[in-house]
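See the structures that follow.
The same subunit A turns up in both complexes below, where it pairs with subunit B and then with subunit C.
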Partner chain A sequence: MKASAAGACRPARVRQGRRPQPVSVVSYIIRRLIGAVLTLLVVSMITFGIFYLVPRWVGASAADLASRYVGRTANAEQVAAAVKALGLDKPFYVQFWTWLKAIFVGADFNTGTSIEHCPAPCLGYSFIGRNPVWPDLLDRLPVTGSLALGAAIIWLVSGVAIGVLSALRRGSFFDRTAMGVALAGVSLPIFWTGIVCLVIFSYGLGWTAPGGTYTPIEQNPALWAYHLILPWITLALLFSAAYARLTRAGMLETMGEDYIRTARAKGLEERTVVTRHGLRAALTPIVTIFGLDLGLLLGGAVLTESTFSLPGLGKYAIDGIIASDMPKVMGVTLLAAFFVVVANLIVDVLYAVIDPRVRLG
Partner chain B sequence: MKRRLAAGVAAGVALTLGLSACGGGTGENKSDTSGNNASTTAAFNVAVDKVFNPSDKKGGVMKFAISSDWDSTDPGDTYYGLSWNLARLYTRALVMFKVAPGTASNEVVGDLAEDVGTPSDGGKTWTYKLREGLKYEDGTPILAKDVEYAVSRSLEKATLVNGPTYFDDFLDLKGYKGPYSDKGKDNPAIDTPDDRTIVFHLKKPYGGFDYFAQLPSTAPVPQAKDTGVKYKEHPVSSGPYMFKSYSAGKGFTLVRNPNWDPSTDPNRKALPDQYDVAIGVNADDVDNQIIAGTIQVDIAGTGVQPAALGRVLGDPTLKARADNPYALRLNYTSINPKVAPLDNIECRKAVMYAADRTLYQQAYGGPLAGGDIATGLLPPGIPGFQKLSVYPAGPDNKGDLAAAKDALQKCGQPNGFATNMAYRAERPKEKALAEALQQSLGRVGIKLTLKGFPTGDYFSLYAGKPSYRNGNKLGLMSNSWGADWNDGFGFLSQICDGRVIRETGGSSNLSVNIPEVNTMIDQAAAETDVNKRNPMWAAIDKRVMEEAVILPGVWAKQVSLRGTETTNVFVNDQYGMYDYLAMGLK
Partner chain C sequence: MPGGHSFLDVRDLRIHFPTDDGLVKSVDGLSFALDRGRTLGIVGESGSGKSVTSLGVLGLHNRRNAEVSGEIWLDGSELVGAQPEAVRKMRGRKMAMIFQDPLSAMHPYYTVGVQIIEAYRVHNDVSKAVARKHAIDMLGRVGIPQPARRVDDYPHQFSGGMRQRAMIAMALSCDPELLIADEPTTALDVTVQAQILDLMRTLQQEFNSALIIITHDLGVVAELADDVLVMYAGKCVEYGTATTIFEHAEHPYTWGLLGSMPRLDRAVTSRLLPIAGAPPSLINVPSGCAFHPRCVYEPRTGGLGSTVVPELADAGGGHLVRCHLPTAERRRIWAQDIKPEMEGA
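What follows is the complex of A and B.
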């Protein structure tokens, strides 16, 4: 199985007669950043459109929308006040422009007793919580970041290592067991695995921390790691399967190539042959997938955060969706799209580093 | 076994210490925890009408958790029973329900005020006198005008959107909108002749004003410290605990308020040193953590999740830690008299006779997790409750098919009829109920077409909007109502008064508009003598039942789990969940 480099439409191996002129890395990055901004704009327009247009297609009026954000016994007057306060009576492009403008110049908000200025980038005020979204996002980003990066390292190292070993010992007991466990890991739903692991390891054996505990790394790094070890491993279990199989397949292909035999014949150590020559060539698809996975995960590992009760971006998004809190959902969507776009960019630049035959542009 | 023994010894020691503290004459503990009202033996349902593990031991960090956030910690901006329960830790209202298990909690006693209110002018004016020596967390004195300000700011529904509207509806405001909209103006409905007296003027007489006065909206707010929508991040404490930290959507910590004077507060023991409230913890994980002991209380107070239910009821040790209180909620079905042929009372009676009440109960989870089969509207905990028998469903509660068929003859539909039934699609219990009714009514030829609607808009756009429900011929609509407080007005007014039905939608009253009942409600509301008032609510219950516009289903119950380390555990009937004020730690 050879995974093609998803997302970036360039072949992993470019066979050309002559080496082409290298494109300046800087100009390449600038072009990609402009594209990224356009992508973010389109994503936010679509998300906003869903919130704005879909209810109107089913015949809901501004008052109907606003009634979700007021209390149980709101009368018509209160609903009308909410419509004005939340700007729900304005047309689509006005509402979108207000939101977009606030990102660059900030916005003002009436707290009842004073006017609060929300500095740029102001991603709006939560309809339900009546507090600015951006500080919430910044507050939750380290949690999702800790979860994503820690799990990423574990699944990358374990997935690649298991994949390499499986490829080298193809058909062996180790190979078959490893692939079997990997399959189980990717098939079991995390909201089941997580709860069961908590019951066994946290509440039964007392080895790991209970759900809902999180310590920021700057407060106590040891405690931070202790609280995250179970979510890390459970999340990594989900991903390392794919990476093990991908690495195994890539390794099997490259290890059969002629240049590997040449390298061995030259007298190189087996370890160098495997890592410097075999693995390096098989890494490209892994890097692609890793970039995408990490980018998506930084936008919020929704199921893991909900299962382990970690206050990250994913949980924030779910809370916003359930409450129809549009500014929250817009904020997380934009941030998540940003991470995916940046991750894609980094992955594409890394290609040139890993595989000198690949050219940018 | 060992754990139970240890628990018993610990409780015994705590009890001894408590008794000696009482004898020492500090005089601060006045809740009734003695004799036949208390128990130290863990058993199923022991905390429903008794204090389990009575104790006066102070200290410890109480760990509370909840899976989804509630509206606000701002006492003037909250409408959840759990929030009203919890707010008594960091605020004091004018009056409060007595902190005791069972029917004792129906009595209203003074909290900030020395005693319940004094009515005058036929019940249109209510006067309260504050105690002496009341202070906020910063040492400044609590004044009557702070209570006035608190009520006034809660009127500002454009800013503080969540709280109840009783003050907006009943005070004689003469157009006054609140301190944000009418800056600098005085609230004409509330007077404070001196620092310790507050007088409320109502538009019309209302005998149960003490029930309004116990709302957290009357918790004092110093005007200089009011930060509007931000006030919830640190409400200025008038109670035994104050906010140490607050993180929206994640949780908060309460620590002792050094300026709370226990001699001014006979209602609170204030046992733990600190409360850690975690918000957003996975619901199944909360149950597992309570079982394991890393969390003490699920403050949602609605019982364990279905996953844990089987475990709790099946394991004798866990079952002995469980209680099965009434949630003071009625799950019922509204019968729409504006949709033919249900506009004929005999057709509605046919529905009442034919419905299988045992299936209704099963749909909601059976007798333990679902509730008791309801014979009327008012649940048993409400003062004035009477067991009714209007259009009974046969001796086995499975439906009186003969009476149903007879009623169908009388309304001209001898072979039955067809109509639609609405329910909230995301609620599996309501779906099960709809299917149960479809089955049981089908036995006499009443064919139901089931229609699921989104929960978030059910009342505002669909079943709750008269033009929609009548235009789309929703004959039956599943419904549910929990009282704001335990009296007839708190329970019946929002679901039986035809005048709360709004064309714009949103009301929980989907089917009741009987002019005679509207008048009876006004009369009962104005009656200032509670002993005369309570039977009037029972009469309203009976009259609404006779009109056959409500098919009562179950009086909800839930299975809740006590914490491993908690003392003074009992169900407060006013909230239908454990009392969060009285609890301590071993």
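What follows is the complex of A and C.
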């Protein structure tokens, strides 16, 4: 009787506990989208500033910047014409606006001999290569994408699996070995492991391609994988080491939580306790890091691409830097920033899906 | 100690944890028995071994870092020496547990319904739809309004009292015959505490289960328990019916617990009487009676208190006391000093 009396005084409190779930998820996503657009704007401003403003601060004149594009033999009039054509004499905000506008509506570039049209999205025009940057980026994106995604699958699966096993067998031989290897994996630079792998597996044993080649997946999937397997493993080694350590730490923490004890008290099998209850909670920080890492890599796996001579975005940026071809470098930088911001956005949204408590926050 | 053929029969249970600092004897030779429909209150300070005992009964100690010995008989089967898989199958179905803090004890990523469904389906081969109906039914029975809607809420969307009700619903979902509640009301505010205790009493009668309430709050014990077991440093120091413990307590530690319990029926002017000192280290348990460093009556034992471990002896009618003081003297102290003081006379 007392219990029913206790129940009777409850209904008044129900309303405040109801969740406006769908609305809150949508508004959450919209908030994050606006944030992402603003971030991109700021990033592009900073990027533009670094490449166009900083040289001026350190003493380079507009003529110095323009002379890069007209060649060493150009006379003063030609340089002055280039300054004018490039708009280098205009204030920063005008230059930025011109550049930003080009992304959406395209732009025309006066190369001195002809007017070249750079259609939207125009991420700049390479005066050295005499071509717009964007198609170049599109060409190289599949290479970097293949490299990053393939490696990501390998490191995610292996890193999480090793981390979970290490945590469950804490202090065991397996744990110590795995964490030792992981420490080595995190510490060794890619250009070293990459070259060692090349020497052993490619030039020594002849199992894999020596690098420098890329076959599009739609042309020949087997060859695509064959050419990428070594870069994948090299890149994945670095990341799976970090992920193994991260997963292990996360699992050790969650497996000590009260809700794990509850799950065991319910009589669940240990496998279910570990995966459904332990790993599920430990995955949240891993998803975050994974999104950021993948976003970063999509913008160009500079070291890996250089080590294996893969014609990806990272290599493109390096080539741009060596040739002082700023529009190329800027294009890659902005694209990389775009991927990071988008990855962040996806992670934020995924967070709301993974952890229901985030939605109200 | 009542032995023989009780539904739950714990005999000489020892749970020790080897650590770098030494062997932690959390439970050291504990015996008790409990029948269906009865409620046992296990009382003691933090670190007295109450929770370790309850986790031990459920077989939730990791065998790699805990040494469990003794016997635990549940409905005729022995659990300490049983295969872990056999004990797992009994967990949740035959014996279930309600934890102290329902917010941390429920998984934050799953809805309350999913967690109850999971608990039900481990032991019952039914479809998700059937289990869901059962979950809604259980939520309704523990007094959650609009259970069909609340079943899809996450634990953080429930209030503290609601969460504890949901926890109880989860524990009862497979109709367990033994229910252990570890500090079930400690994390709740006082008004909700009373509701939860009422609910547990009602449900226990309805399910006719054996109930163990673990608490440091004698008020909770007074509300629910038929029998009371007072634990100190991993050992039972006093055992008896609730009436015996509250009306004729004979152990100085129990007197301390009773004296430090706020009571509404006591005169406002009287002060609470705390027990001096701190709970003992479970690695270096005091010699003799573990309570002797804190016991004001220790000088009256003639040196026995610090040298000889007192036996748990029957003081009459199944009332067990572990104390060196002669029974007559204990009764005299209780009648002349303790009881009048408690009642604020």
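Note that in this section the second predicted complex is superposed on the first by the 304 of 361 C-alpha atoms of A that agree within 3 Å, B and C clash if a C-alpha of one lies under 4 Å from a C-alpha of the other, contacts with A are read in each partner's own complex, and residues count from 1 in each chain.
Here, a contact is a pair of C-beta atoms (placed from the backbone, for glycine too) under 8 Å apart; a residue touches a chain by one contact, two chains touch by 3 or more.
Note that the coordinates shown come from a computational prediction; the quantities given were computed from them, not determined experimentally.
J.: Determine, under the contact definition given at the top, whether A:A81 touches first (subunit B), second (subunit C), both, or neither.
T.: first
J.: Touch check for A:L100: first (subunit B), second (subunit C), both, or neither?
T.: neither
J.: For the overlaid complexes, name the partner, subunit B or subunit C, with more touching residues on subunit A.
T.: B
J.: Let me test your reading of the model: by the given contact rule, A:I354 touches which partner, first (subunit B), second (subunit C), both or neither?
T.: The answer is second: A:I354 touches subunit C but not subunit B.
J.: Identify the partner contact of A:K266: answer first if only subunit B is touched, second if only subunit C is, both if each is, neither if none is.
T.: Second partner only, subunit C.
J.: Looking at A:V342 after the superposition, I want to know if it touches subunit B, subunit C, both of them or none. Which is it: first, second, both, neither?
T.: In the superposed model, A:V342 contacts neither subunit B nor subunit C.
J.: Quick check for you: in the superposed arrangement, does A:I229 touch first (subunit B), second (subunit C), both or neither?
T.: A:I229: touches no partner chain.
J.: Taking the superposition as given, does A:H277 touch the first partner, subunit B, the second, subunit C, both, or neither?
T.: Only subunit C; A:H277 stays clear of subunit B.
J.: Which residues of subunit B touch subunit A in the complex?
T.: Checking each residue of subunit B against subunit A gives 65, 68-69, 71, 79, 153, 156-165, 180, 226-230, 247-250, 278, 280-282, 284-285, 288-289, 291-292, 294-295, 456-457, 460-461, 494, 502, 504-506.
J.: Could you list, by residue number, the parts of subunit A that touch subunit C in their complex?
T.: Within the complex, subunit A contacts subunit C at residues 2-4, 6-7, 10-11, 13-14, 17-19, 257-259, 261-270, 276-277, 280-281, 354-357, 360.
J.: Name, in rising order, each residue of subunit C that touches subunit A in their complex.
T.: It comes out as residues 55, 58, 60, 88-93, 96-97, 99, 101, 104-109, 111, 118-119, 122-123, 143-146, 149-150, 153-154, 156-159, 162, 170, 194-195, 198-199, 201-203.
J.: For subunit A, which residues are in contact with subunit B within the complex?
T.: Result: residues 60, 63-64, 67-79, 81-82, 85, 110-114, 116, 129-131, 136, 139, 195, 198-199, 202-203, 210-212, 306-309, 311, 315-316, 319, 322, 324 of subunit A touch subunit B.
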